[in-house]
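Every chain is named by a letter (A, B and C) in the order it is written, and numbering of its residues begins at 1.
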């Protein structure tokens, strides 16, 4: 179990096409976990950036027509090169435009992992060409009572796209093939700082690059790691400002010992 | 007096088209006060975002032709839907382009509140189609000696646009109809961190959404709240970095008791 | 030796066309050192902004076709007005597009200072129209053993472009005319936070505006100042989050006494 050590040794170079709201945190979180971030979204520049990178993270938080074209072209280039590609469908379901863009991304780019909160993942399933929507009976919040429904839904999506599906929330659900992990790390206060989800996507990409033999565990380790960093920061934070900074501190100090000691994971065959 | 409680209970969803310099702070300040921020400036996406939001904040700090079109279209959509709309004419007066954009915004969109420092508000009055410029005698700095001039100027602007006019500075002046409030909260050190004004605009929007019956008091409470948060953070800050983070901490801990205890407000009939 | 005092007294107004990853830190660092930052990259707005500014900083970290046009036009306008212009060729060498843009910038705009890490400066020399590439023997890392090679290379570039060449790293090298300074301030942990280089470019611009009689010393003071701020912050930082915030704190508290006491500078005739 050397997920974090492997990231720090490999130092994956990750290309982000991500929203401008949380981009600084995304870069600092990537650095804190031992990766190296680079950002570009110009179509004349972005696809070429894959030539020197190990991974691509696409986040749909603040889209525009220029960056969408760069997302598609960079995603295709990353696929050609066999690079790790992560989709964070930030804001999926909020507008028709976002849904259209996300559908296009999922149709044209192959992702190793798709990570979002339950509403985003459900929205994404609804616009999917390869799945047939989401049952209305699936409540938005993941609870112990509806876990099996969420597993079934995530498994269908995972199989359709060949991607690890990570649904973040009070209980995180990570599904790939016939296995699901749930994790109970993190704290509700993290929702009061912007960008924890966006940062997680970068840590996931770094973790898959550095731990390629088991994508599911690599994604789970990343989500647990960010959650644990938040828990540790919460223990001394004086508000959401210091929670935010403490989260970066704790990510920069994270190691596999802490990860193993703090992880609250359950495994399910589905 | 439950301004802050009302924000935290209502949790207004606020759409920001704001500058990329301070956008992360704007989002975190909105979250800290209990609102929920969402950012988009693509013309194909932004107007639709109003359908799920309660308010729109337009900040002119970093303009470009694409986002200006989105500002206008989103502003009109917000007006149609009866949403709260706040203008922060960041950098008004600095360039002809900014002045042209701000004039266009004021001509085509109806604002509930226009907030800026005295130079920005004066510049805005100068480009206004509905007012006849600013008297040269109005000194740039608001002092106890020129308050009545500032009141008269702000009242004219408020009446012309039907908006609360908020002039921030060492003394803040907030004017609507025949009433002016001055507030003496905040500290000069806040000028040494970027984005306090931009954050304030978001807190204002949240406050108007959650306290719709008295816009003037809602705006005043927001300005006092941010000022108080800065004062409290200053008491332990070790420089402008910790002042910045402390400001977010204190916003996240703010409640109506603190607001009432710390507010330094004067009321004037004008 | 009143480099910092001069900045705080002059309060240079600096126009940045810089990447959106670190733009908030760049603004806060400029404010912390006593300058006043303003950002705009719209072609209809940016060149005019020079009319009220003292300096322009161009950073190529996140380019797009629109901002590149604004960089060129604003650079030319700054040159016409005799303003200080600093180039931070962030990411030079990473892609053909970046190299093309940087070549164009160097061909069409006159810079007072070009600052980058050794890889960026070497990449920039390779695309230069005025120099003939970089010897392969120049190792990427600046060490005590290859200093004379680095001096010779930087001197050639400095003479070709009439600019102070600042190469940042474990050992910083600053070259202009026949003089080189090396500085040994800063700490390796600063590489684990994004934006220290971008912030340094702004501090350099502020320092040249406020200390125009000796550009080489002005640049050196700026680089030492940021390095010192990082060293001081490291002494109490608990991770990369608090290092980041501490760096801004220490910049805001920096004065010439601290600068003189902490500077580790060597001078060379080359």
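Note that a contact is a pair of C-beta atoms (placed from the backbone, for glycine too) under 8 Å apart; a residue touches a chain by one contact, two chains touch by 3 or more.
Values in this document were obtained by computation on a predicted structure and should not be read as measured data.
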item	value
Rotation in the CA alignment of chain A with chain B, degrees, nearest 5	120
Interface residue identity across copies chain A, chain C - same or different by half	different
Distance from chain C to chain A - Cα centre to Cα centre, in angstrom	34
Sites on chain C at which at least two other chains make contact	20, 24, 244-245
Chain A - residues contacting chain B, complex	19-22, 24-25, 61-65, 91, 94-98, 191-195, 237-242, 244-245
Chain C residues touching chain B - in the complex, by the definition given at the top	20, 23-24, 27-28, 31-32, 37-42, 44-45, 48-49, 51-52, 66, 244-253
